[in-house]
């Protein structure tokens, strides 16, 4: 089991962190998706191809490396289709498609994966997907449809800028990441292959937990920094045990969350039989911990944290949106009960 | 709805509190049951007859008054069969028995109620009851048995000092209240009447919650007093927010617990249709809150609270024993779900 | 007239005169003012306030009777709440006769709207560390500075302003209270959006705003004691309101949630049970406080425990409800997304949870105070606001 | 010998020599001493300690290799833990050569048992406020006072004693460290029962106990700096042990509970899931700390976060387990009743949860310290212990 970052992983982290610090500081995250930043992320840092196999032009790295990156994009609340594209690439590890993977690896294609089932007539897809992650920003939608043979399912790819597609931007709780309603009416669609049976959902859980780890780390750093400069009654508020002890508890959650994310990413890469439990654990623990830390970081800011101008609510809302992104959190607990054979 | 004590109820509280302060201080509670204190409680204060109807020589008071008394016996961790006798008297409100009620009202008879089912041949009872509350101290056991007719049940009374009864004192977690294994082998038994169908269990829930309210109040008072005299790093520990804020949260639990106990006792006396939900609420909230307060009161005492000599563990163990006395706490939550028709 | 008759009469008047629905936002203020005038003329505004200044000179008993009758209606009195609950009572207690004469009656009749100007960006929980200056200039004062978290300021005619008049003494000793004309040049009101995107309060900037000395409330440098009066009235009106709203319109209540979640799942049922338990526990505590108040037992700082519990419950239930709802709650206009976006407000308005715990610890449990480092230092040497 | 060989050899030696089961209490000490002597003679006691004083002079790597081999055995080394983990390392760091010569080898060979004498009834978390006095009398010191929470003192030959030697200076500046002979007349050891009824520690009374000045460790009035060394070693040995025991013999573990509770009830299953989540979260954190340590990243105060989490988990799981068990847990000899009776010990030994949170806040997060009122006052004027 590997719970400590390697030298290379630490370098990757520093590179992404350094890039985002200047390219996408928080005030910019409020303005939403910036295609130029996304292009540089993929161009200069090659991140969209990170987990794409080398045969498709990617770096062939594992979920452990992707987790390092997602922690940083999470901490920066980076808007745009990075997570959705990573989700799609994870789905395509089980259903590899040269055209799409190559496009993702080269940074040409932003994709989004949705679990909502489409209908498919052999060449065109129809259906309504009510909340597609970064649906306005993505170029390609990947979603399942019945294969028509023996009750199986296939994965379809649909060009979102193509005919038969109607997209409506929705107002998301989380200002820093878009959602769209996507209505397909006989939109040309391409079969990528059979829909993956298992494992992809687990990988999404781990990837999301890595982002959540970044969100909670940045939220904790923000309130710790504030507690060192904000004065009330003649003392820094961080010197009051009422604040200090809460922050210490938040730190304990962060330490445990990081340990779980490292473990689950390692399991995805190296120990597939441990992955299902590790993935459910990651969502069950990290999802909750992330919201709790983001909540307390906001509350401890006092009145200023309640204002629109302050960044605290951006973390709080991202944490809440992430907590429910893959379904009501109880499904991860139910999965754990099942995997533990309780 | 009546949530505030009446003048008479406040006087009753002061009388019981004053009596117990001198007759049964905490160092004495460690030594276990003192029949002389129990006799005075029933004699001078007439408490065993408090809820016995007037026609059987009691005061005919309600559960609201009993709750006031149980809060005080709980706060004093009074050892002995007071609670068990009160439980029995509550059961007998549905199955009145002149002999037993008169004996209880006069303070001659200490009784205990058990839910374990006995076998009964028409004149003698047999069976093993593994954990009878104050089974060594009680004179009479009341427990259900099949009536033999149509699947109904009857309530039996068994003289515990009589033939066919073997009692073994058990070592209880809660030092201040005894438990006994009671084995009946053809012990002479008397039918009191049909076992009550409903409502008795709810009344036991409310009575126990009143005791728990007293336990948590006394535990909170104890740690608040300590926080005002104990010094660490040159300051009273109660001046540290780490301690102060915990105590404030404990106070909030106490306020809510008291409100629920008053409400549930009022419902038992005045609004029977509200009783089931109020009783389940009382155990679900007050049982948990009592243990949490007792736990934190012990932990906040620091090392001294971990010693045998200190009283903190007496409250902690009583709180835990009370929490499970009427069954695993989840049964009260399950009952609430059912009553709310969720 | 006995109390029952009083209540009946109030009920009858309200049935005839209370508006049947919320007026449209646009002419809300005009209609609210009309209603207040009618209310005043009927003798139901300022029920316990002194007759001499325009009140009815009656007792808490009549006020309570009217409040009970009013519970069946939604009265458009929101913009008058600061005046009626805080600044008006302060003037009654601490103002000059001239001030009372000038301000109380228009306030009670709804002719003039008030706001309260205490908090600043660097002085929230710790109001006494505020930095807005008032400097004497003959029989006037010149005010410069910034206030924040000011409700209804964009409608206000007058504001009760706490300002620093001496920086060479400890922070509590150099403050003075004023009534400031909100229409005066140099007063800028900027709406401040809260995290849910709504503009529920304002920032106010003072740029050389002149205040006549006759609008000073209390002695020079004795403003803190006046502010304590105001804050006491604020706390009373908050604690009276705590739990009042109830769960009726709350999309995260057990009643609302049971309509939309899968109660066939035992775990979901148990979550609703937990919410029911906490909701009932706090509701019963609030009812007990109300019954005690009616019985003459003043809740005092115990109201802060109720406020703390309400803040925690509000957060707990919005959080729980969004988890039950799942991905639907990711859309901003979902009722539960709105609930989670406004939930922190209950903790951050009227004193943070930490301040509430201090109050309960100090005043209810009588615990020893935190050692204070800010009570003896001259203000100019004191650390305040946000600094390294 | 390379590390793998070292580990193999240690494993082989332990298979041949480690006792197969716990010895009966009565001759436990004698057999423990026999085992330590064998362990020492085989070169496995004091692996990293200097050769000069009787250690093996090897590195952390060998010590870790031995610890891994030892994980399969239960070694009877409990009574030597204070000596090996705290007082011995303190003497190595801060003792005189004569003290090291006299004490280290017998300690490593298990001939002499040590205890640590810091805490007092009035000085627990705040050790530096202790009141036990040592007064100079020529080339001796006379000790009077009382210590508490002393593990293994009833078996101890020597104790490391922190005593006050000057009351006219601030509390940290008037302390001196000594080695005291536990067999000296005037030393009374009284077993102290913990709340579970077991005598796991002792109170020690000193009544005119003489200590030669050559048994002083460090300079006069410099005892606090020596104590900091000891406490550092204590914290290291605690944080190394944190999570080590694991959940194997814990009656409140998920594995134990699933055998005895009704997992057909979805709510019970979900409780076990919650316990699993918390247990795994902490276990993985401990494993990460261990991996970091191996990689040369010293955990430092982060170990206090792990200790805090372990204390909370221990209480959470005993509490949860007794709730699941129901009325059976009312009997003292039920495994879960024992679990709930000992659960607070994890929070109260080695620093309360509040102290741990202070450490994490101050040293891990770098938060500003609490203002200190006890650092400059002469000890005789300082409030300590329990007083009104």
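Lettered A, B, C and D in written order, each chain numbered from 1.
The working rule: a contact is a pair of C-beta atoms (placed from the backbone, for glycine too) under 8 Å apart; a residue touches a chain by one contact, two chains touch by 3 or more.
Everything numeric in this text was worked out from a predicted model, so none of it was measured.
Enquirer: What's the overlap between the neighbours of chain A and those of chain C?
Expert: B, D
Enquirer: Where centres are the averaged C-alpha coordinates, which chain has the largest centre distance to chain A?
Expert: Chain centre farthest from chain A's centre: B.
Enquirer: Based only on mean CA positions, could you tell me how far chain A sits from chain B in angstrom?
Expert: Their C-alpha centroids are separated by 53 Å.
Enquirer: Could you put a whole-Å number on the gap between the CA centroids of chain B and chain C?
Expert: 43
Enquirer: When the centre of a chain is set as the mean of its C-alpha atoms, what distance in Å lies between chain B and chain D?
Expert: The computed centroid separation for chain B versus chain D comes out at 40 Å.
Enquirer: Tell me, which residues of chain D touch at least two other chains?
Expert: 266-267, 270, 354, 357-358, 370-371, 373
Enquirer: Residues touching two or more other chains, restricted to chain A: which are they?
Expert: Expected reply: 228, 235, 240-245, 333.
Enquirer: Considering the complex alone, what residue numbers of chain B touch chain D?
Expert: Residue positions touching the partner: 131, 170-174, 179, 226, 228-235, 240, 242-243, 291, 295, 298-299, 302-310, 312-313, 316-317, 320-321, 323-325, 327-330, 333-334.
Enquirer: Which residues, counting only chain A, touch chain B once they are in their complex?
Expert: Chain A reaches chain B through residues 240-242, 244-245.
Enquirer: Which part of chain D faces chain A closely enough to touch in the complex?
Expert: 254, 258, 263, 266, 269-270, 272-274, 276-277, 280-282, 284-285, 287-288, 291-292, 295, 297, 302, 305-306, 308-309, 354, 356-358, 360-362, 364-371
Enquirer: Sort out for me which residues of chain C touch chain D in the complex.
Expert: Of all residues in chain C, those touching chain D are 266-267, 270, 371, 373.
Enquirer: Please output the residues of chain D touching chain B within their complex, sorted ascending.
Expert: 119, 121-122, 124-126, 129, 148-149, 192-195, 197, 265, 267-268, 315, 319, 322-334, 337, 340-341, 344-345, 347-349, 352-354, 357-358, 370, 372-374, 377, 382-388
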